[in-house]
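Labels A, B, C and D are assigned to the chains in the order they are written; within every chain, residues are numbered from 1.
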């Protein structure tokens, strides 16, 4: 049987609507991109990759590099040191990319250019060359293959980098960047010039979706705390001044780049990447946005959508001789554990043995586990016996 | 057995740290509040309510009314009509609560005062009295009991409502509010003067967490689309200029009020409310913020935290005579369905019958369902038979 | 002989170019104004009045009332008390008429609406009625006749005064305005509704030009210090966001109103008023601006134009027997007095009497006078005699 | 006799109050300045120079170079071309020196750093070296001696020029500056590093005061139109965010520099310069501001102060046989000419000859002259004869 998922993705591309907008034109390499290129890739947290369209075409990663270099700076220096230099608040202002705190010079967040230049400057290394090697290595590990820089894109960008040079120097004047601001500027432009395709980007996003562990290599590339912070900042600041709009319509952490790339990460599920060069006035890919809206709708990806209710976790509670058997099933989180406890509170077992049958339980999270341990102890304190049927060691393994 | 959950909440209160900050002092009723009051309530989407501390004390709801009246306006007029008057973008600016688009006068979002006044003005009704009746009825249905207005608070607020009157008149000058702006202003101040306790607030939040359906009455109070939008806006704009900070540290949609109340909603799980009158400089309850940070950490509530991985959804795949039995379990979403399909794609069944055994499956979402239906058809097309063992009608019921 | 001055003014009107722009349309009374009305009036500091065109037509004074009510507030409370509530800095921002200091709420200057409402609120009086009586009396004394309010204009403005009511309430929230903000608002709208014609306005401007003394009545209506401050603020803030443009092109303190009126004051010379209802995008009368540009050019009114150099103030210095006669003439200010002193320093008189012949001196200012007194004493100290020929008592009278 | 003017200036220094504030400390050369240095110089439009205190000490000119380089750009390119790149409006904002139009990138005015860098970039020349030669030559001609650059100051400034480099690059990104923005940046820093003393600065200011003609050399260094524009911009923008305050308190066009220098120009009278290194929070010399306040008060320099009224310009009007003699005196401007004309209009001469005796007239300006010519013609038209007694050729020379 052939998997229907690639067919679905192909259908999404077929129906993502008439294109409009304009390619980025500030450098010849982007202005000359084939505007009809179109691709989408979905990578699951278990490492499967599905694609449709032009997902092997390499383009410069541009602003999609921002969350990853921010992650590297957080890994290198820790949250407090990075927070002291870069805030995590949405800037609100569209036209004013400068967005520095007027007193401290701290950029509003790491998703705007100023914040991204600052983040590049925070990556540790012996010298600018070493620092960039570390960036390229980090991004390559996320992509799962060795990436390279498009030197022509880099040179083009550097030849007219006036606005970003202004930002780098403003940051230097506030000591947000130290040393020669040209180093952070060049490092930032180089990171934006890394060549990626849709598959790379989907895998990078899937790493964020799986909490920082690479779906295929199994390597923890990003620390859990850092990963959470990066996704949080993508949620509130990833789509510039359209952040609120994106949150209401699509509802997943995302980041776009002027080369027409767009990534999104749904925690615990998938990383998604799209590519289509024409941009809307916010600088986001026109068809990319539509692809994400469609996927969000079809796949129930919106984070504000409550999960579809399952059967009650309490499969049954019945008396077997001296035993009161409580049979659970499915995923047990707080509200499921609570339901079980409530039953024991309202209709207590008087005597004998309470049996928790977990053989149909799929997973159990920390807070539910803590509740069960406490319940276990309380039942013993009430003079009852407790037995746990746990053939798959769900309970044991979680301890 | 006594439930350990209230004990846990009591312990959280005991350990939420030394208090600091100042009570709101712009009206005597808030300035005179007992500053040591402290309470927390958690309501599950299945209707259980747990409390600790002063959860019966009634205070004015203040800004926590904002997401609910915004929801009512959305229910009344639809998304497009409300969007035309109120944007959904974080404003970024702390000090400048005015935050109107300089050209159109559209407030940045419905969580700042200007946006909330506009939202009140959009609620339909025959006259100001009828409009407020509808607001009070709506909020009461969310709380699950008939609420009332604290007329003294209302009168106090109205006696020095200068800044909000300024906002109402600015909105009127831009035709964001129509008619007499004093109507929207009074309506807004009255909605802020509704008396609630922590239990009410937890139940209101739990309704949002359950997608708009009241956990106890089972009534759909808020439409699914509207509910999603309200939670989205709370995520990016609910904590004023500390939105980014809250998102990184706590990671759930939330809203605070100057009376010291604070609510949060974790989709599919719980609504939480806390109460402690002393406020930090952002206007958020000092101990309330700490309570939420603790609960988020303990209960794994942060939306950017991937769910704890369960066992593989594919419990087993084995040959029984002419049958290839594929035994699934747990919660089946996209990435789980994908894993099953991948197996069938990579190691196809050559002949006979494919049996999907769903008897241990807890829930299955839309996208997974679509995938299974498609797989079902493709297997038939490949000349195989398909049998579904689904004693609990998980598959059927979802269709 | 008929004076050529009215002919000149008529010619200026004839040649002030094709009209364009739009009448103010926020109230029917202004929207219905005859757009072709055109008038100009020039009043000298000695009380002569020259006019051309429609200078008897009465219109509401609108924002031209602002400098005068600011003057009254300064007279009532003194500079420090008024400065504490209203700053004197140009706001720069065009679109954002709010222009309040975000921390203190102090308006940028008294020429924007917020500052003008604040100024109205500072005028002293027993009650709102009395306060307005004092405003009307003050403006009437400046105009030289009893003025009245156009009640229809007042009612129209009040029926849609939302933006200004917003400003009044913002000011009240910052305690810039005290009491009921509606009082300052109504007072401000009433002051804008006072009916004036071009002659009135020219006379009001001429009073400012003569340092605060009414050219005809001789009454000191505005204190000298207050008058200077009012003219200073008109210079930097009188033409909204076109202040710099006006300063470079016209170069005199001025104020415009949306009814199409425009005044300017050239210290020591004239007050000028024009009237033409069509406005440019800044809200200034299109033909009014052209009339002022023409008058400034023709009459050498630009304050940055140095006065035409006269003959040397030292008419002659010659020996008559034992006397060294120093014959002065014309206007003696610092640089003229300095020239005389320099001569005495470089080529000292050895003996006998120094005679200062002032019979051809027209005026002598304070600093020149101080210099001459000091010179007088030093010559005596050097053992010389000094004689002053001053048939018109220029020297004596200035003492 | 020794001139009392230097004594007066020495007394002003003695009484300019206790010093406070801090030296600029961004470069060692300024941080190490002797903070007790204090000097003042006054140059008249006729070329006299008076000094007190440390007026020979050379310091870098810093921002006082701005109006002069702006003047040179205006001379080179004309008003329209310069206006297209640099506006003339006060920026209002203190903290935000960036002050570029968000759409066009045009700096608010040439007195802020961004505008000054843009002005430097507009000076014509074959290459950066030639352009700076022209700047240095221009400023030297204004000072009346060959000035030189302090290379140490230049190098220090360049070693930490981050903020200004940011501005230069922002300007380049908007095509306000063309070519390499480093050229305009270096040119600007070099112009700020020119060494001047108080005497130089007083002479430069006196050239502006005399309409652009150097008081000693008699050379026209600045065109009349350009000179007027430069003084206008100094009036509204010369003292940063304290422009309104300076206008109300001192009332003359001025410019300050962080080395502690301060210049002012009173059209037709004097140029003034002071020097004292300690600065107030606006960046203006603390004692310098006090010196100017004192001089303005003592010398009647405030532009909004009407000139002291002189005797009536109409000395007498009397019949001598067939002649009606009208004897004028003093300075004749519009309001004086008008007074004469009014007399002839109200009490016409019936027959014979009208004699204008101008032998006591000191100066007559253009508009007065035009009036007299017109009157002359009208009297002839009325059938009268006209005779002009003008022994000093005031009337003739002005024609």
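The criterion applied here is as follows: a contact is a pair of C-beta atoms (placed from the backbone, for glycine too) under 8 Å apart; a residue touches a chain by one contact, two chains touch by 3 or more.
For clarity, every value in this text was computed on a predicted model and none was experimentally measured.
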Based on the averaged CA atom positions, which chain is farthest from chain C?
A
Report the inter-chain centroid distance for chain A and chain C in whole angstrom, where each centroid is the mean of the CA atoms.
64
Rounded to the nearest whole Å, what is the centre-to-centre distance of chain C and chain D, using the mean of the C-alpha atoms as each centre?
21
Rounded to a whole Å, what is the gap between the Cα centroids of chain A and chain D?
61
Overlap residues in chain D, where contacts from two or more other chains coincide
none
Taking the top-of-page definition of touch, could you list the pairs of chains it picks out?
A-B, A-D, B-C, C-D
Footprint of chain D on chain C - complex, ascending
1-5, 8, 44-46, 48, 50, 87-93, 108-109, 209-211, 227-229, 231-233, 235-237, 241-245, 247-248, 251, 253, 267-270, 298-300, 302-311, 313, 329-331, 333-335, 338-339, 341-342, 344-345, 348-349, 360, 362-367, 370-371, 374-375, 378-379, 382, 392, 394, 398
Inside the complex, what are the residues of chain C that reach chain B?
95-96, 98, 102-103, 162-163, 165-170, 172-173, 181
